[in-house]
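The structure is given below, and queries will be raised subsequently.
We just call them A, B, C, D, E, F, G and H in the order they show up, numbering each chain from 1.
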Amino acid sequence: MTETESNNYWQKKQGLDKKGVKLFSQVVFYDWCKACGICIAFCPKKVYGRDEEGKPVLENPDDCIGCRFCELHCPDFAITIKERYPDRRRREND
Amino acid sequence: MTETESNNYWQKKQGLDKKGVKLFSQVVFYDWCKACGICIAFCPKKVYGRDEEGKPVLENPDDCIGCRFCELHCPDFAITIKERYPDRRRREND
Amino acid sequence: MTEQSTRQVLQGNEAIVEGALAAGCRFFAGYPITPASEIAELMSLRLPAVGGTFIQMEDEIASMGAVIGASLAGVKSLTATSGPGFSLMQENLGYACVTEVPCVIVSVMRGGPSTGLPTSPAQGDVMQARWGTHGDHPIIVLSVSSVSDCFDITVQAFNFSEKYRVPVIILSDEIVAHTREAVTLPSVQKIEVFERIRPSVPPEWYIPYEDNSRGVPAMAVMGDGYRHHVTGLIHDTKGFPTDRSEEVNAFQRRQFRKITNGFYEILMTKSFMMEDAEIAVIAYGSVSRSAQHAIIAAREKGVKAGLLHLITLFPFPKKDVDPVLRQCRSVLVPEMNMGQISREVKRVNLTSKVVAINRVDGQFITPTEIYNKLLSM
Amino acid sequence: MTEQSTRQVLQGNEAIVEGALAAGCRFFAGYPITPASEIAELMSLRLPAVGGTFIQMEDEIASMGAVIGASLAGVKSLTATSGPGFSLMQENLGYACVTEVPCVIVSVMRGGPSTGLPTSPAQGDVMQARWGTHGDHPIIVLSVSSVSDCFDITVQAFNFSEKYRVPVIILSDEIVAHTREAVTLPSVQKIEVFERIRPSVPPEWYIPYEDNSRGVPAMAVMGDGYRHHVTGLIHDTKGFPTDRSEEVNAFQRRQFRKITNGFYEILMTKSFMMEDAEIAVIAYGSVSRSAQHAIIAAREKGVKAGLLHLITLFPFPKKDVDPVLRQCRSVLVPEMNMGQISREVKRVNLTSKVVAINRVDGQFITPTEIYNKLLSM
Amino acid sequence: MKDDRYEIRFGGSGGQGIILAAVILAEAAGVYEGYHVCQTQSYGPEARGGRSKAEVVISRSEIDYPKVIQMDLFLAMTQAALDAYFFDFKPNGLLVVDSTFVKQIPSSRVITIPFTRIARDEIGKEIVANIVALGAVALLSRKFSSENLEKAVLSKVPAQFKDINLQALHAGMKAASEVDLSHLPRSIISDEEKEV
Amino acid sequence: MKDDRYEIRFGGSGGQGIILAAVILAEAAGVYEGYHVCQTQSYGPEARGGRSKAEVVISRSEIDYPKVIQMDLFLAMTQAALDAYFFDFKPNGLLVVDSTFVKQIPSSRVITIPFTRIARDEIGKEIVANIVALGAVALLSRKFSSENLEKAVLSKVPAQFKDINLQALHAGMKAASEVDLSHLPRSIISDEEKEV
Amino acid sequence: MPEKVERLRHDYLRHDKKFPHVWCPGCGNGIVLGSLIRAIDALKLEKDELVLASGIGCSGRMPVYVDLNTLHTTHGRALTFATGIKLANPSLTVLTVMGDGDATAIGGNHFIHAARRNLDLTAIIINNQIYGMTGGQYSPTTPYGSRAATAAYGHIEHAFSIAELAVTAGASFVARGTVYHAKLLDKLIAKGISKKGFSVIEIISNCHTQYGRRNKMGDPVTMMQEFKDRAVTVEKAAKLSPEELADRITIGVLTDIDKPNYTEELQKIRDIAEKNR
Amino acid sequence: MPEKVERLRHDYLRHDKKFPHVWCPGCGNGIVLGSLIRAIDALKLEKDELVLASGIGCSGRMPVYVDLNTLHTTHGRALTFATGIKLANPSLTVLTVMGDGDATAIGGNHFIHAARRNLDLTAIIINNQIYGMTGGQYSPTTPYGSRAATAAYGHIEHAFSIAELAVTAGASFVARGTVYHAKLLDKLIAKGISKKGFSVIEIISNCHTQYGRRNKMGDPVTMMQEFKDRAVTVEKAAKLSPEELADRITIGVLTDIDKPNYTEELQKIRDIAEKNR
């Protein structure tokens, strides 16, 4: 692992991307999603693409700025946005 | 008939009193009157007194200025105010 | 409404609209409710085109009020609803009874009580149609079982309402309302349409609630010069409130008499395979269709079954039910309720064996269910 | 409501208030209407003094809604009205049926239909009390005939409503409502009061509409930790909407079963001089008093008459009417309507001779009228 | 028919307090004398306009029919009320009229007392004519002790008017006590024709 | 039972236009072929969410019971609809499935045609899969002339979509015409067990 | 003119209906009836083309006395019947008279919807701040703190402003008067009738029997005097502060705006529909 | 905070109720439900002490999904039931959710009366300008000129302003939001609940299925975009002319006044009555 690589690794672990901004993960419950397209249309960072059925697929997950617009506006409670925290357990094991 | 008397006579005939003001007659239909007292209370010239049952009786009929307040406000359509016109027939006969 | 007879595929609700227009209905006031909404929707489209008026009111109470108002002003009027809305119309329905204002109310029955099963068929509002408003009053309640019925019976309902000066209730159900069938509607010219009798005396002679042999006073219309008073209070022949015993009595009894006078034409039923029947099914509305199917099947098995299909539910067609009860060794009354009409059938003759099939689970009664019962009777 | 028994002269309407308070009623929502207004007026005076709530709503629909709401929140609730208002309450009454919310509705009958004869006595809303709302449902309808009845039956009505989780309707009439009589009301301690059964399992185990032998599920109250859903849609045992045939059926049948289970106590009648009677009068409400007077007089003339006084009108007390029909050679049913209960009597046994006196002219039926009829029978 | 049923009707015009008088009498009978009692009154349009009617039925046993069948005693405060409500008068019944207003009398079994004049002249308040009449009626019925009547009156009138009402009551009783009932004619109508 | 009663059920998912297909078929049967016809459909929550069902009953004589008793022909556009609505299948009935979506088939009397794929690939619009299926169903029922079917389609679709719908109709008919029905197995269930 | 009142009485009151009418001595309803008759007469409207509909209440008894096409409907519903009549025959002039309870308690919804629709109806609302007919229970306009048959301890609810509700809901013409100001009433009613669109004339009236009696102003004269003292014209009111206006009754025309009228709009639709046919 | 949404979903949605819910894809009702849950959570209210009552309509289906004391009443009557509940047990926090038809067509009267009484209830009104549940008939808030299932030729009636009606009728707190502005909604709902007295939160929402489809904005995204574009805050709106505001949706708190609250007033009466006893 080069230094940059290792840096990157730790940054990701701590939920920060390369530029030191926070990272988020987007979880979509496909069973609840009805493919209305709201999350896809209004995401300011175009994080989601649209699959065959019209449901969101992650296209630019790391661009997510955690505004949670999609989470707050999904009429079906089908999206959860979480900060990507370092996995403490694995870190401790490191 | 003195001149004044005769003058008076004609004035009355024409619905004018001594001072040359118009005269009015007040007709009360006692069967319809319910003795509410409105006409008596609000007549600006206190034309009506009140009888035993509380119905209006003419006390100062000649003071009536024809404002028709009583006629307009009698809830029972029990009052008619008319101008006292000269009785044309009798005059012609005169 | 068609100028020429044409073949069409229509829903029951649509055919009610066509029937109403053919009968001369030019006013509809209503409030949407499943499964009756299509009637309002189609009326909103069709009425303006024939110079009529559609209005969606703020609720069913208002709708019923507007319908009575329009009829008083001389326009044949309709409203359509379902159980919850029908419950709300009861007070003004009573007003229409007491003031003898012609109008037609369609209630498309769905599962009850309350919001119940809003999209399921049921026949649970039969007794309500008879007894829903307070006070004694006669009323005409007709049922429909097919798309062509929807047309015909609606015309009939308007005719009765104009002829007898009573509100007429058409009870439909979700099945009839939403089934599409091919029908050939008669041309307008071929339809017998009855118009209320207007006064034919000079206005000063007009006595708005004067009795006559029919018991149905001539009806003046607002604006036609026959000024008179209309009130929901019991009134004398002039239309003025009264509580004098003899006047009240005369008024109340005339209400019943005018309907009794018309029994011959009001009480409508149809017989199917009844000539030699030993078991009769008495049914109405969509269920009569399942019954007919079952009877054919039962006959194939040698069961001599027949159908008495009730169209008029109230006044109860005792005159047709009675002979059936005498003729048959037993009678089956299948209904999508707990036995509202079977109750009436039993009233006609308690000694007959009356069996009931009662469904209140929102499911249509199938021919199989009736067939099995017939075979076991 | 009295802590000690005291002798008072009360109007029927007043005694209903006393009965309600004694039964634990602490909420009244209503809308004034003749001849029921005194109930609201007295409630507005009395309830605040015992920590209860009186509210005059914007109409009868709202009143019925508020009454159901208050009961859901655990407070015994009453409303009172007359025909026109009762018609308006029908929709929400059906809601109370379907959600099994205990509450008591007093309808003081006046002449109908519509505005009718607002200050005259009548009994024209009997069938409406049974059939006024849409959909099949059982219901308990009790009648009152005297001031002491007004107290006792109101207590009973609350008890039934709590015990069976049904709305109970008390039918009074203008005569009973406005007659003042001397009564000795029992002290509160002496009155048997029933409270709805609350759940006795931990909240997570609570199944709000679970069946049991009585057919009456335990009823949690809003705010007591047993969060659940209440809906006018047909629901499963958990209270969630369902249209699954078996669940709907189970629900609907349980409604009837719980009342059938209680027949023994629900069906209340009183007999007067019936032991050796050959002619029976079947009557209810104020008319039963005229009947009793007439019977005494008729007995003096050697006519073996007796009275079956119906207190419960629905479910119809067939079990008590049937033996009377068997025992007597004929039966007289005097009513201030066109024959709403005589209709039910006839249903019990068509072979009996049932004679009716029907007044719909706003006049009370006098003992003389009944007496004359008895002598001619 | 129970023989001890005693039926009283009060008739008068709207503002005369006829109903209050009947209510007080019912209170006296039901609460203080321990009778069974039924009190009813005219209601509705009739009550609104001119005439007003109130009835009290008293009995030692339970009362079935709550209204007057045939009046044992009829108090008429006006001519109009007398004319309108006289129809159920019992043979051998007693008619009591306010002679201040009533001029034409349809029965010879009558007692005439000028209740309104007594109220006006003796008590100084015409408004208590109803209580004057009440006193007379109660006394003539012979069913009430004056003590119980007083209690009933006190329970139904506002505190500030207690004295004047008691005064009126006694004036009425006094006026009635001066009447000799035995001089009244008897009816010849047989019991057969009685209403039930 | 009348023998000429012919019962068709359409099953699919909400957006597939199943009901429109049934309505068109009813129009063709009732108006253009002069049959008696009853068309019904699922309604309410069922219709709102996923599944959708429509039925057409055709007969030369009047139709009493308006719904399917036992299907002569069942068109299933999805697996879910097939599973849910297969229950009334007639012995010797014909099952037609959209093989694009339906994988598990409960009867050997089946014809599989990839309606959706045909619509997508041949017509270029997945949305007209219902009309493709309609063409096949109509042909297989042997009750319709193609002329009348065309008329019915044209009477029910907006002007701008006429051509594409006609194309779809014909594609469906063509696909069905290529099927050899005589090779289908026959049921051994006796008539006795039939539903009424 | 001199015999005008006699003529009006003769022309507009029903001869076969017994007078005096049912209302209590001094009840404002009679004064309103007088104004209504004078307004109709002033507008020279044909009696045959006039409809007067009421709900239930003391006010509801008005139509029976007037020789027009009259209608006494159910409680609160006068406007719904009126809507049907007007739509069925737009050439009729349709008036309603309602009590405050009738119009704004049980009939509140029909009232705001009629205003919203702006159908050409005239609603005369006699606001006596109480339920007269049923014996003095509180209404939606009973003032805070007053006594009523169902508010023995003082009323705890606040009153609607009928006129403001009408304006917010969309009425074209809204005016207020009192029975003390009968001449103004004549004019306001006439204006309301003339206005194309929904017009409301709120009339403050006395129910001394049920309201006055309980609230220490037990006779009609006292109550009328109060109306006189508290009234202030719209013009004067404009110059007063809210505090100064607190206890006043603003009388005159409050709103008079032009809006598309329902029947005209309906005709447009009919034209489109007939073309599409 | 990070797992907040998960926790909310877990805490407030009913696990024994099948999801996804009944509403159409993209229906604003789901967004409102989310805001409601967040508002309740933010206020740290006990679920046991919360009541959510609805009428009938798509909006009426909301309560069934939420783990509170829930009540699905009759069409238009939610506020009447809520009134009974609150009066019977004032310690409960009682919310209602209604559609525009539910609240202002059939339920219009209860709405204005609840506002007048100022009982401490919170009314969330989801205004999608149409009857969703019954298939797109016009409602009292359907804009002039729009198409609806009963207005094929363009609607001829004018819409109520729900918020203005509430203010005129007497509500203490009135706010407006849109489903595009979910965060604002959270706050408005929380404020409404906290307010002692009658609070109204009007939420402009999309029924693309019934309204959008007929009016050329057939999908939720287009409609939400429109809400975004047309919205203007109360603060900004204050600076705009009526013309500039014509087509805008003013969002934020419109009215927030302190008035005597019904339950407190009632207690006063009880105190007097008990003393008099």
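A few remarks follow.
We adopt the following convention: a residue touches a chain if its C-beta (ideal position, glycine included) is under 8 Å from a C-beta of that chain, and two chains touch if they have at least 3 such contacts.
Heads up on the chains, UniProt names are A, B = 4Fe-4S binding protein; C, D = 2-oxoacid:acceptor oxidoreductase subunit alpha; E, F = 2-oxoacid:acceptor oxidoreductase family protein; G, H = 2-oxoacid:ferredoxin oxidoreductase subunit beta.
Please read these numbers as outputs of a predicted model, since none were measured by experiment.
The minimum number of touch steps separating chain D from chain G is 1.
Ranked by the number of C-beta pairs in contact, the top chain pair here is C-D.
Distance from the centre of chain F peaks at B, each centre being the average of the chain's Cα atoms. In terms of their C-alpha centroids, the spacing between chain D and chain H amounts to 38 Å. Taking each chain's centre as the average of its CA atoms, chain A (4Fe-4S binding protein) and chain C sit 62 Å apart.
Averaged C-alpha coordinates give centres for chain C and chain H that are 39 Å from one another. Among all residues of chain C, those that touch two or more other chains are 34, 45, 48, 58-59, 61, 84, 91, 95, 114-115, 118-120, 231-233, 243.
Multi-chain contact residues, meaning those touching two or more other chains, occur in chain F at positions 44-45.
In chain H, 24, 56, 72, 74, 105-106, 108-109, 113, 140, 153, 266, 269, 272-273 are the positions where the chain touches two or more neighbouring chains simultaneously.
Chain B (4Fe-4S binding protein) meets chain G in the complex at residues 31-38, 41-42, 68-69, 71-78, 80-83, 85.
Only residues 14, 16-17, 47-49, 51, 53, 56, 63-64, 67-74, 77, 79-89, 91-92, 109-110, 113, 266, 269-270, 272-274, 276-277 of chain G touch chain C when the two sit together in their complex.
Put simply, chain G touches chain B (4Fe-4S binding protein) in their complex at residues 2-3, 5-6, 9, 13, 19-21, 23-31, 34-35, 179-180, 182-183, 219-221, 224-225. Residues of chain D that touch chain C in their complex: 61, 83-84, 86-88, 90-91, 94-95, 97-99, 109, 111-120, 122, 124-125, 127-128, 130-137, 231-234, 243, 245-246, 248-249, 252-253, 256, 337-338, 340, 343, 346-347, 349-351, 360-363. Note for the complex: chain C touches chain F at residues 7-9, 34-35, 118-120, 146, 174-175, 178-182, 286, 289-290, 292-294, 296-297, 300, 364, 366-368, 371.
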